[in-house]
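The first chain written gets the first letter, and so on, giving A, B, C and D; residue counts start at 1 in each chain.
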């Protein structure tokens, strides 16, 4: 029996997954709430509990994400792009393009038939086009995150946003409401703005082959629909879009460990 | 400003000769200051691919290159105050970083009654007698100098530099007419100089300089050819150091002797299969202008992933020497200069024609290099403040992939402004890119491409 | 399209320019797309191409162009290429690029690397106006002529060229007449209307364009003036090709009365001399007479002289059209205009004595609204 | 005669009512989602405080981000002109104004009481009041206190991210690393001051410099700006009010000018009406509690 765990300590959520051999045994998701190491520990304990294992039984722990360095155990660190590509490949082997929409950054990754990175575009200076605005707007409009999708699907006339900034979008949404715009049109408008930003990123690597959505944005049905409409393409969706990074972290860590062992053997 | 730890060059085997290179930049600057003291004329010049500079030299003018000096400012991280000055005067911060650096400096110089301010990087540039712009490749090359009129009150000359697409290049008669135009323009320039400096151009002197220049460039070209070797005997980090000697001082015998030593050292390495980096696993090309302030990045890449940067921006490289056929019967040094510079820009026309793509410059060279230098990938460095060296990067990236299955990694940055080069991000991208290169190597193999 | 007349027709063609061009094509006309004001339209008209000015679209998000161009370049040409890649210019039979600025040059090369047309030529435009440069430019036009002749099988005879020159001189004259009407206070025609007219005629066969212009002149002269007196504005700098922009400016408290831009007086400012050497006259007019920062002019002995040499014509615009303020329009990442901002500001403010507003904008209607405050403040400051 | 200036900012709404000589009432209130509704309420409250009725106002100018929708105002003017006028009235020697508002930051160059040049940042939240608000919010702190906390720092932390969202995360990372809160906050203020300095630097910073807008209330930011710019700066006692003050002065000038020309300026019908925007409006704001 071979137990492995992966942790993806993102900017807003901590995700953990445990694999038994090659099967997912359990996974967990916990908010960061300002404390990376606590969130990491919490999500790990939760997942261990679900799987009925103890920390010591894990052979390998892989970590990734913005807050990876706060993981309070011995682990193998990996870059996020590679983890996403491995993780999505594990979940959806036919996907060749991954659109990841996280809290602060969005990425578009092209992957090979064995889950390696063939190309990637990262939005890493300006958070325009990231998922943060969804979280903020859900708070402002008092619509639960999980309801955004349904609301958006009802819209017939999405609001066109004049700002790209994900911070000002909030202010703009509020004044649009004041001007009488419908809540669903605002949400759909935000979905549209994100979709356009993503489609701009996709232009840089060309959209061919099957395309998967992952990260928090994948949880939002309205956003997924809007992306499909903007890109004129059907999207693959993992059953749980949040954990692909964590799965990738396990797989990458395993690869690295094996490489390391092989190298060690050679030296002997 | 974040102070990055200066990385010790531990594993990369820097060329011995590269360590001497700093001398030449300093020499150039010092020469101009001495000239001013001795009452000799000085000019600030744009890089013009050896078109007008030898003429100025033959007229006894000492030359400095604001582009070169600005790269120095960037490397020594002293550009920021100048950038601020230029912004204060209303220049948009999207303009060329080199330009903003010297515009800011020029303002300081003016405010200081044209006495070089004591804290100027590299000892500073003295006030010139004229400014020499050039129309090649980049609008900034003349708009910048024209804008310098604000501070300098000296005449600006603009050298013409025709650049055509490959279809137009092959139109009958086009080349010779263009050469004639270049020569006519050079004559007008000579007249301008003679008038300004009140003396005649000594054609023999010019011929002599042109010969030296051709010889230096020939050596530089041979060094480039040596770099095709596997493992790479010399990496970009070294090239950027030694390049000053041929690029800016091609007419200088001391620089020529230096380049000969560079050649000898590189040759020795090739003959003995000595690689410039210890464990060459990947060979990469670099386009276009480097992050002068963070060159340590490349050493880090060499150490971490075994990446050798084997060749770089076409524009710093000399073209192959003019053929005997092309030189045949030509004794007018102006025409030789015209032909040589024109050759630099259109040498790769056959490659552009082969692939039916344009422009010749900025694009075709990479299609050639990637094969010749067996590149596994290209690192594209789009610059926030230099469009000419950025316009075509996406195009190059598409073409390398389409024609040769060679992937590119795009890392945004700037020549001057270190705020926009995010090292951490660059490292992450390179980490992921390793996989991408592995994958495409296999694709190339399958497609029957031989590297 | 409907049978509207005068300004209404211009407004309609402006609004549906693509559809209009496609209708021309369906009628069997050959359409030639061209860049900027440096392509001699006379040579295109001489083989019965309908010259169509390549424009961008401030309403369209730039997406497809990102595959081919970096984001740091001029937003206008990025938008143009974006439209082309999305198929909006697929009706072109010929394509003429020009090295007016670096952005234009590189984009036309990238453009033709991916989109191929039956006839294609890129003009390399020298940067000076020295006699050899004009000669070189004439050689370029010669090469362009040969390329067109080869691809179309038609000869561009001196007679046909002369006829085309007459036609376009007529057009330029009519536009200047229209501009002259704007000297009245308040102007009888708004900046927005003028822009619609100019874009419309840039899509029409020249004879038809001239007929429409004549119609419009009559209309404008004879209609009651409804505009209010407001501060009078001269626009200089990068081109404006969308009326949302002029509307925004005029709504913020200005009458736009004059311009120095590429879709404006730069394209219509000077005639081609009628001589026995039509190519020579064309070279002269297009290279030397058009005043655009992309062309280097000798800097002269001292700065004041240099400035007067370079910008003197703008002083005349301010005086003749009685402008109260100048708007310096900069499309982000434009080098030729960007380097001149400080000089131009200095020239207007210190030497001509008229206030200047300089804005770097993103060439997108979505980002126009925030500019309103700036125009308003500028207008309030002039009152 | 009575004049009023109403400044409907992106974040805060302000009003000043004056007669020819002195300020009769001044109020400050959060803008919230409903500009127009608040406009009439705050006006009502201010009138009450000044013991006046709406038709006693001779001229009312509205300015600010939400200026377009106030039916009872006589005229709209841009906040640039209004801030400039207000500051110029308080500080006749001012040459450079730095206005740090919720939605934008501005630099205004003043020569002889006229605007000579100005520059604005309104595309990106970094460098505007929003930046600090977002950070304060994510730290669970009040916008009023972060400046003071920052001033306690001895070793400012380096915040490298410019984007508000990325900076927000960077702050959390630094906190998790154990960097003290005050050092992080100081770093943030410094980075914001740098951005504002760079922005205003583009039009040239000349003495006297006056900082205004809500950002001027932040002592940490003010000190960082002074440090960056290198000489002492000024700020009005009530920086939030300068836009509304300027508007009221402009109203007065406008009427005086019209009178001198023998005409009376157009006046709108003075009727304060509540405009409702959407049902179930819970964010009813209490008017007239701020002071500034």
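In this text, a residue touches a chain if its C-beta (ideal position, glycine included) is under 8 Å from a C-beta of that chain, and two chains touch if they have at least 3 such contacts.
On a predicted model such as this, the values are computed, not experimentally measured, just so you know.
Give me the fewest steps it takes to get from chain B to chain C if each step has to go to a chain it touches.
Contact-graph shortest path, chain B to chain C, evaluates to 1.
Max contacts between which two chains?
The chain pair sharing the largest number of C-beta contacts is B-C.
Express in whole angstrom the distance between the two chain centres, defined as the mean CA positions of chain A and chain C.
From the centre of chain A to the centre of chain C is 47 Å.
With chain centres defined as C-alpha means, what is the inter-centre distance between chain C and chain D in Å?
The answer is 40 Å.
Mark out which residues of chain A touch at least two other chains, giving numbers and ranges.
Residues 124-125, 204 of chain A touch two or more partner chains.
So which bits of chain B are touching at least two other chains?
89-90, 394 - these are the residues of chain B that touch more than one other chain.
Enumerate the residues of chain D that touch no fewer than two other chains.
Where chain D meets two or more other chains at a single residue, that happens at 123.
For the complex, which residues does chain C have touching chain D?
Result: residues 355, 367, 370, 373-374, 376-377, 380-381 of chain C touch chain D.
If we count contacts the way the header does, which residues on chain B are in touch with chain D in the complex?
2, 84, 87-90, 93
Please give the residue numbers of chain B that touch chain C in the complex, ascending.
89-92, 94-96, 99, 133, 135, 137-140, 142-144, 146-147, 149-150, 153, 155-156, 158, 160, 162-165, 167-168, 171, 174, 177-178, 181, 184-185, 188, 356-359, 362-363, 382-385, 387-388, 390-395, 398-399
If we count contacts the way the header does, which residues on chain C are in touch with chain B in the complex?
Residues 66-70, 72-74, 99, 101-103, 105-107, 109-110, 112-113, 120-122, 124, 126-128, 130, 132-133, 135-136, 139, 143, 146-147, 293-294, 296, 298-303, 306, 330, 332-333, 335-336, 338-343, 345-346, 358, 360.
Please give the residue numbers of chain A that touch chain D in the complex, ascending.
The touching residues are 11, 32, 34-37, 66-67, 70, 103-104, 124-127, 130, 132, 163-168, 171, 174-175, 177-180.
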